[in-house]
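The following pair of complexes shares a single chain, chain A, combined with chain B in the former and chain C in the latter.
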Partner chain A sequence: MAADVHKKKSWEVSNGSLVPGDGQHTERSESPTPGLAQGTEPGAGQEGAMFVHTRSYEDLTSPEDGAAAVRSPEERRGEPAEQSSMEQISKDFSELSTQLTGMALDLDEEMRAGKEGKLEPSPQTTRRDSVLSGKEEEDVTMDAWRLHRKHVFVLSEAGKPVYSRYGSEEALSSTMGVMMALVSFLEAEKNAIRSIHADGYKVVFVRRSPLVLVAVARTRQSEQEIAHELLYIYYQILSLLTWTQLNHIFQQKQNYDLRRLLAGSERITDNLLDLMAHDPSFLMGAVRCLPLAASVRDAVSSSLQQAKAKSLVFSILLSGNQLVSLVRKKDQFLHPIDLHLLFNLISSSSSFREGEAWTPICLPKFNSSGFFHAHISYLEQEMDLCLLLVSTDREDFFTVSDCKRRFQERLRRRGVQHALHEALRTPFYSVAQVGIPDLRHFIYKSKSSGLFTSPEIEAPYVQEEEKERLLGLYQYLHSRAHNSSRPLKNIYFTGPRENLLAWVTNAFELYVCYSPLGTKAGAINAVNKLMKWIRKEEDRLFILTPQTY
Partner chain B sequence: MALRELKVCLLGDTGVGKSSIVWRFVEDSFDPNINPTIGASFMTKTVQYQNELHKFLIWDTAGQERFRALAPMYYRGSAAAIIVYDITKEETFSTLKNWVKELRQHGPPNIVVAIAGNKCDLNDVREVMEKDAKDYADSIHAIFVETSAKNAININELFIEISRRIPSTDTNPASSGKGFKLRRQPSVTKRSCC
Partner chain C sequence: MGGPDGAAGSETPEGSGDPPKSSGDPPGLPRDYELSGKVMLLGDSGVGKTCFLLQFKDGAFLSGTFIATVGIDFRNKVVAVDGVKVKLQIWDTAGQERFRSVTHAYYRDAQALLLLYDITSKMSFDNIRAWLTEIHEYAQKDVVIMLLGNKADVSSERAVRTEDGASLAREYGVPFMETSAKTGMNVELAFLAIAKELKQRAVQPLDEPHFQIHDYIESQKQKSSCCAFS
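What follows is the complex of A and B.
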């Protein structure tokens, strides 16, 4: 069953075409800062975007069929001008610092909680490495099990366990029964349970019939963000089964044990949860590119573009969790969530390392009712360069395999392999390249292209838990900036261990981490300098000229 | 020297060692922490057999339930099928019998069936007796070997035996390499992918 690429789905933007919406261009034409209007910010594609346009983070969390009903906070508030000039920003910051004392206190509290958190034993991770046993079972009655920072459970509406991040599903069947009872109890009253907050825990429920997803977390994430992660898990399950098949199964047999069909996929889901705790891509709803000289990237992209076949919809070259190049069929756009799921699939299994894999895969945001067929292979054994060719025809393996051969041949003929090898040797850049002494780390996302850039996380965030803490701070800033009842555009926070800044406009999002010794004025100057640097480097850090077949 | 392409597919329960057998044959390597195959994996290896070169086009299928319905795509047009079970797990041998049944019903009529009892290095935890498996294989005229991908026992022998059993080119043109094209086989039933 090939996914019908022509089928219109609800992800289409509300203007009725498949072309990514051009945001608020028309509304914003009188913006005082045309230089930063959406589509012209650093990193914006010069010839349109590669991805389905996600207007905002809220797009991702909204129920998929009601996307049109949910509007981004900017739109909702009908907010006028965008503050972009530096004078304006500094003015805003001084206003903000008085307005936001409540918030700052809050953050302070959160940070202190983080310090206390360090006393807790680091979460024990039992991996499921054995092919045979599936996973090493963890005793769910032990304290160690309770101490995990984030549990994730998936169950069917009949209360049957489908997935548990830690411990065996069987041992948890009564716990999951209780979860389902809670959901049903409130539904009987025509109500819906969304979360329970108690004792430092957030219990978040996401209902996507025929599944119920539950997270029990004591991380600092907001309820909205945890729900967002649960949705990713839901999409992950859809990518294995399709929405159509999932529904069909439960219509046939309400108490079906879905673990049978998902057997062997637990590690993919486990990996996704781990990845979401480390990789800001998921938080940003955007994709990071491998830094690469524009000439090399263009050569790679056009080689990829020329190695086409009728059934191909997307050709994707990636390294680690970074995008090297993406070529798509004209008028077909990939959703960042779908690309994240593909990244996760590849990083979760070493089985793609040898030979050529050919596997059905559903891209739930593109079309949740059918399978694509993905040809997955590494270009060279020692190199972390994986080629993904997404086809609509499951019988087309040899044609698609030949596309790979042709691509490699062109790459050789153009002589860019050496440059590509070099780029792979340094997949991350150092923040020192920007030349701002107090700058420790940043995340910059171009909204129109759906791409973001971020330097390597360096000292003092060396330890794994320090890295997670930094991501936690970004998560916090992000949740503040995107809070649905009170979104913020500028946040500046002076903390004991670092100073933080967030700046969200229609065109971009910027999250910056400074050393705690700097001043606010210095931080604002640095933002100016940083934006100039990103502009200067944009053709290396982003894909500015995406190709189509 | 004449080159013949032989399409071979591996079938069997998840975790019995299908990929390990292929890796040992193609790369002569073994990874004890190998991840389960996703979908199917394609590899080739050319070996000399008598005065011919045999290029094995190997489809290593995933043993997991959700990929079950994809199997016909791979055994259709195959010259040989290697059905693998784990000698330390009785139930993988029952799964094997189901695969034999399915091949008899829906597989190509002249397909060479080989039964491989893998993990024979784990003799002390054996659950399937070699004699029982051998008797069963004989009853269906299948090749039978016990293999160990880990210790490289009988892996090459398995493929040599397949080469030997495959009818030579002039007597059976149907299995002569052209058969591997997936497209050539009209699909009888519109199966969903999983």
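What follows is the complex of A and C.
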């Protein structure tokens, strides 16, 4: 077992409150694609962005994980001076191709094993919280428990369990004790443990005092990506407690059992982990919009904008995990991570379907020290259209509830309800609309707007496992493109089951999946055609004119 | 303070100016109730507040997994008491500690509080005193409080005797009964009693002899025993 230990540069936790506009447009080199400089790519907003500017995936991870971007001198020396030399690229490709093939084979085997032996109970069947039958936790001594693809543990610095994805925290307290011992052992040497790689497993540690987050994964994700997911779990916990309260509690009492305050939230964290395995939003650090005719979206947005109140900061309309409209207070920007946490909160509970919910929520990237109050309700029961009104005032429920009523009234008056209903009936578009025969699927992200678009995942990725495999391929391409020591701009890979292409520029990121029968020339042609199509459809696929109150 | 709905509970909750109707609504009336009142469900996490509400609202029992309520859930139901339609705006609260501060903010707007414990959980019963202290601190002085021992259908796991519930209720001068969100036992009664009380307060001046919620409950409630099937 080789422990991958790096010197940690600093422990300080950024308080997470990103000043809007903070550090945007830094270190922009000249764009490799003339005419597609940031802000002019398809999907870029015309009147500024809705979100806090996230330069890229690195932006989400590096400020949190300062040491990640800093390479050791050894690594630097070993690196070729000219990264884009042909030699290097072909070496990368061959490396990539073996790894990708390896992955495909592995997943194949896993899938077969899964089918025959039923080794992995679906997450839904292992849910906890059953009041009727007491705690129906998994037995952590069983093999089935060990076979989960990704375990996640959260513990306090005193080694007390806070959360475990599978199995009860009590039964795992000694395991968590060992994890804390590993962390402390290296810390005593003024060092920090980041990951352990052994036997096909990656054990990744993320330390955010006063919590320690650990993942034990046998997925093909990079260490960086697993750490990124752990950060999401950390933010999820902050969204329930605030950073201030979390720290206050542990300053008062180091051995506090945090589960007391988190009671009832396990479902939300479980759901976040499941969602991250299925939804590319988290990987892309971006938000997907519901495809909607621009005129309808504008009508919805201005109805939302007119139904304002003094205490409102954000009005968000969403369907599934797709954004329909977002109106914000002037000069206040939402961070995609915060929006993802809101999406997750809503999708993790069926109890919002009826009535109106009013709940405190911290948006850790916006301000990790205080609570907002969110009014959550569905517009109509059968319709998958959820309205989220984020207010600064705890006692403003009735005012905010009235905003909802006014919004619905205006929607009715503008007569867009029918069009909205229609759009909700086809929340995804088919890749066939693009008109490129070999094209199976793609993800396109506009960096300046923080929005991405992606068609429905269709055949041959029908089975849940196949869909996860496709996302796994994207994860892999993404990790290669964003590798902190050797980022790639272009990747083309010919595989046995599909051909893949990744193209990352300062303005956009594009990941494409083709049928395995196409050629490289065809694929590049297709990219041009695809970009033209996205440009043509951009006012339907993106929100180009974000509104403020 | 709440917004436009702040006047709810009076005869004209939405300022229409109409006197309360004594019988059914004439067609075309913009709202289908004549009175409204705010009822809050309180108690530890997992005592069955949401199930209790759903049994009343939809006549269904939510079996299976426990879903913790997030924050406060607001729902409406209109009930008819003696020919008067009363809209109950019911606030279902999360029992978890981290939501206490939000619930506090809404105590003083509530006209009635249903305080629940789980008869199979001694802990939830022991916490009732703390809940009552909190209620006295934050709620209006004339708030209607009712103590409910829920999950009375699970008599095999009973951990709190009916007498204990009754004597605690006597001590604080609040009506008490055991309920079951699963079978529906006393669920509707609890809400109806509150609706009657609210109607009484709204329609009649306080000094007139009025509806006695204690007596009403005592005369109507179903007793739970080992063989209570309802």
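Here are some notes:
Note that the second predicted complex is superposed on the first by the 446 of 549 C-alpha atoms of A that agree within 3 Å, B and C clash if a C-alpha of one lies under 4 Å from a C-alpha of the other, contacts with A are read in each partner's own complex, and residues count from 1 in each chain.
Criterion: contacts are C-beta pairs under 8 Å (C-beta built on N, C-alpha and C of every residue); 3 or more make two chains touch, one makes a residue touch a chain.
If you're wondering where the values come from, they're calculated on a predicted model, not measured in any experiment.
Placing chain B and chain C on a common chain A by superposition gives a clash between them.
Once chain A of one complex is fitted onto chain A of the other, the partner contacts of A:496 are absent, as it touches neither chain B nor chain C. Look at A:435: by the touch rule set out above, it reaches neither chain B nor chain C. Once chain A of one complex is fitted onto chain A of the other, the partner contacts of A:260 extend to both chain B and chain C. Of the two partner chains, neither chain B nor chain C is touched by A:460.
Once the two complexes are overlaid on the shared chain, A:360 sits against chain B and chain C alike.
By the touch criterion stated above, A:349 is placed in contact with chain B and with chain C alike. Annotation: chain A residues 129, 131-132, 240-241, 260-265, 267, 345, 349-352, 354-360, 374, 394-398, 401 touch chain B in one complex and chain C in the other.
The part of chain C that touches chain A in the complex is made up of residues 1-6, 45-46, 50, 63-76, 92, 94-99, 101-102, 105-106. Contacts from chain B toward chain A in the complex involve residues 14-15, 19, 22-23, 26-27, 31, 33-43, 60, 62, 64-67, 70, 73, 181-183, 187, 190, 192-194. Residues 1, 129, 131-132, 240-242, 245, 260-265, 267, 345, 348-352, 354-360, 371, 374, 394-398, 401 of chain A touch chain B in their complex. Of all the residues in chain A, the ones that touch chain C in their complex are 127, 129-132, 240-241, 260-265, 267, 345, 349-352, 354-360, 373-374, 376, 394-399, 401-402.
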